[in-house]
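Before I ask anything, here is the structure I am working with.
Chain nomenclature is as follows: A, B, C and D, assigned in order of appearance, with residue numbering initiated at 1 for each chain independently.
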Amino acid sequence: MQDVQNRVDKRGIAIQRVGISDVYLPLQIKQEQHSQPVMARLKFTVDLPMEYKGTHMSRFQEILTKWHTNPIGQAEIGNILDEAITKLSSNSAHLSMSFKYFIEKTAPVSGKKSLLDLDCKVSAVKTASKNSMPFTLAIKIPVTSLCPCSKEISAYGAHNQRSIISVKINYDGKKTAINIKDIVSLIEAQASCPLYPLLKREDEKYVTEKAYENPKFVEDILRDCVLALRTLDDIHYFSVECENFESIHNHNAYASHVEYLK
Amino acid sequence: MQDVQNRVDKRGIAIQRVGISDVYLPLQIKQEQHSQPVMARLKFTVDLPMEYKGTHMSRFQEILTKWHTNPIGQAEIGNILDEAITKLSSNSAHLSMSFKYFIEKTAPVSGKKSLLDLDCKVSAVKTASKNSMPFTLAIKIPVTSLCPCSKEISAYGAHNQRSIISVKINYDGKKTAINIKDIVSLIEAQASCPLYPLLKREDEKYVTEKAYENPKFVEDILRDCVLALRTLDDIHYFSVECENFESIHNHNAYASHVEYLK
Amino acid sequence: MQDVQNRVDKRGIAIQRVGISDVYLPLQIKQEQHSQPVMARLKFTVDLPMEYKGTHMSRFQEILTKWHTNPIGQAEIGNILDEAITKLSSNSAHLSMSFKYFIEKTAPVSGKKSLLDLDCKVSAVKTASKNSMPFTLAIKIPVTSLCPCSKEISAYGAHNQRSIISVKINYDGKKTAINIKDIVSLIEAQASCPLYPLLKREDEKYVTEKAYENPKFVEDILRDCVLALRTLDDIHYFSVECENFESIHNHNAYASHVEYLK
Amino acid sequence: MQDVQNRVDKRGIAIQRVGISDVYLPLQIKQEQHSQPVMARLKFTVDLPMEYKGTHMSRFQEILTKWHTNPIGQAEIGNILDEAITKLSSNSAHLSMSFKYFIEKTAPVSGKKSLLDLDCKVSAVKTASKNSMPFTLAIKIPVTSLCPCSKEISAYGAHNQRSIISVKINYDGKKTAINIKDIVSLIEAQASCPLYPLLKREDEKYVTEKAYENPKFVEDILRDCVLALRTLDDIHYFSVECENFESIHNHNAYASHVEYLK
């Protein structure tokens, strides 16, 4: 049977990324001591040298199918990318995985436990000739924001709302670094108040008062996140976005910032 | 050229709805004195009698293409459905159109004007043998809700958030009735406070204090909407849903209710 | 501390559904011998008698938090709903869970195994005074459709595309019945060809030829699904929708049908 | 009334972007001779110098509200950004607008006219000290792709599907350049066949045969788009992505490429 993909291409264009997208798979994400089953949406690609007409799409699925029952951390992503480079005769490979990740939250007064869902995305690139594998961890962290202007000018009350702080952290790939829980703790401390899935009445009093005592503009949250992210080691760059789903408007207040650390 | 669709089908199944979906078209929605250009997503179907193998899909597009430059109100939807019934030799036709509709809001103190966007959906069904055309108008109305429990138990402040009230109103189709603006006014008066795209500082003070003076659970908003919707004439049934994007949680508070009026 | 929710309400409106929505949780779905970890989006509600001002939102989370580590099948959904009725002093409770579910597919020639993702939704309602619990299983099944008209009128080739067949099956709730895999097999046999995540070259030849030998309009697929679904036992009603993401248009061909069996 | 935003900030962080997001407005997009009403989703931001605590969010809405009835082309975007820089005492301003844009398509044999919808996004940045305004036009162009491998190895037929080619073109901003229709024509010529909303039977024969005569991998389409985009003048960089919604899989084939031209 003809291998049409293997035919010679004359256009002289090496394609930067080719592969499969919108792939859904159950995976296990490794985090320090344990791993968590997740439902991931993946994009998995390699570069295609200019002399080949096409890549072999089924091999991406074969690699993923083999890996999906193993806990996947930073080292395993490196192995997956190495396998892609070899099996697809490429110079580089790229994998991104988006998933909901759950962390346990403890209500501030009652101590009740519950699970908070976070949208996460891990992306990594490996090049055949290099040992290091730069990778990016992106997390969307939901928090409460309370408006300082509304508090100051109003006789009582202050508008507040759910906000999403989106951080993206690019590591140089020399150190094991996917630690979602620590980054969430670091970031949610910069908002007017963290969120909790389960709050009893005494907790609701606590978070209402805490947010009111701690008013922050979208700009305040962003700046405090920038200061917090600068304390992280071994990172190449970070970006942070904060979006407040304003309770008084049908649009959002928005701020964003990127910093290269070395 | 063969007309495969016209062949006889032997399975004995009259299909209730067949046609085209996910169709995007610029339309003009007629509202009393004026009309508004909108970008609509449509589903347009007919029934298929059991003896035919298939309908003629291109005719739906031909009908829509002809209509898209005309202002479309209730009467015109009736004409579109009549045309579908005739051109596709059917007994019934159904059209739904989803679009963002904009209404002008006036800030409560400064008087500044701005446009509020609303997700709307109009659906209608026409049967060959009947004159009437029951139709449904659905509107998602964004508002502010402020929690009575949080206000009562806290020393200061109260959590509040954007909420969406989704109303669906089914008219018997005897009277012209698509009046989006009136329904929005009726419904947003049931929340802790309406939303405004443009608020100056004096307006922000006003809406902050108004929401604080007017705390409402999702259940309160729902019940007050039910009372308000019962005052409408010529309607067959209504449903109302309220969803609060809780500022203290990453999930929503939700309530819904349906009532048949005759 | 005041229990504002428990106050008396005078509006005389018993609310049909109130609770929490857009809740994300990792769950285990029980299917015959085994269970599968899934990432579920839930809506969990009860009715609210007319004399109460509000429900107790945190109790929904407490019930879910307790259940999320247990495999959940039909019986367990019944237990969750019973617990909600008791803990929230209600007459009825409703739970819906949407999740991606994965089934193993075997490539038709090479025999290679891979996982196909399916969007599923389970909904159930329980009433305090009744033993039975009607519930609904909805599955979106992706398949290939190939156009009979295009095949017939063209000198070679035929347009084909991915289609989604959405089935919703309402069981009377007397028998254990959530069997996703069997329903998928039943339904995908009605398309021009099933889909497979992993196909080697010999498999690609097989599915290309199979679809070409088996051309079906959206109406054909729908009718054959209706015939197939009529063979199921113990069901109260079913609905089926087929949507073809036409390769020659930017919109879809669509058909739908509902049948009550008893 | 206090102007909290105007207070001095001591954190020493100049914020790169702050403003409003998820704003929906009806706009008119200017294209050469005419303009088209669209429903746009906007993000509108400025930088915030390090000495200010916050920006003035209502001024963004005031600027947009004033502009929404005027046809907006490249020059007008420049004026909007200049106004933001002035009114918000900033050094730079950024505007992005996403909208569906419609172009007329003529069926290849019957000559029937219909409207094809395209997802477009225009983004521009202006800096106070510079005259030029680099801007980016992104368009998602739906086309048909037909698999060369499937055609070659199968006795008859070939799998084909709808694909989306996403191009992003960054102009240096010296020349008027937003010409959506020309770019669509350039790009859709690189696929196996363009799409048409309205096709009569003779047209369906034409597009079926044309796609079969013109098989292309996702890599072929991408490379031919790269060659086509290199012919454009006055552009700074372009990116192109092609995603095939494989009719034989539930995932997509994907390729992407970026090129800097000067």
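The rule is simple: contacts are C-beta pairs under 8 Å (C-beta built on N, C-alpha and C of every residue); 3 or more make two chains touch, one makes a residue touch a chain.
Worth saying up front: this structure is predicted, and the values here are computed from it rather than measured.
Looking at which positions face the partner, chain B and chain C present mostly the same ones, since more than half of the interface numbers are shared. Matched by residue number, over half of the contacts between the chains of B-D recur in the interface of A-C, chosen from A-C, A-D or B-C. Greatest centre-to-centre distance from chain A is found for B, with centres as Cα means. Note on chain placement: the centre of chain B and the centre of chain C lie 25 Å apart, centres being C-alpha means.
Computed centre separation for the pair chain A/chain B is 35 angstrom, with centres defined by C-alpha atoms. Shown for chain C are the residues in touch with two or more other chains, namely 1, 23-24, 117, 149, 153, 197, 199, 201, 205, 250-251.
For chain C in complex with chain B, the touching residues are 1-2, 4-5, 9, 11, 13, 15-24, 43, 45, 48, 53-55, 57, 148-149, 152-153, 217-220, 222-224, 226-227, 243, 250-258.
Residues 1, 3, 23-26, 36-39, 58, 61-62, 65, 68, 99-100, 102, 112-115, 117, 197-202, 205 of chain B are the ones that touch chain D when the two sit in their complex. Of all residues in chain C, only 116-117, 142, 144, 146-147, 149-150, 153-162, 193, 195-197, 199, 201, 204-205, 207-209, 211-212, 245-251 touch chain D in the complex they form.
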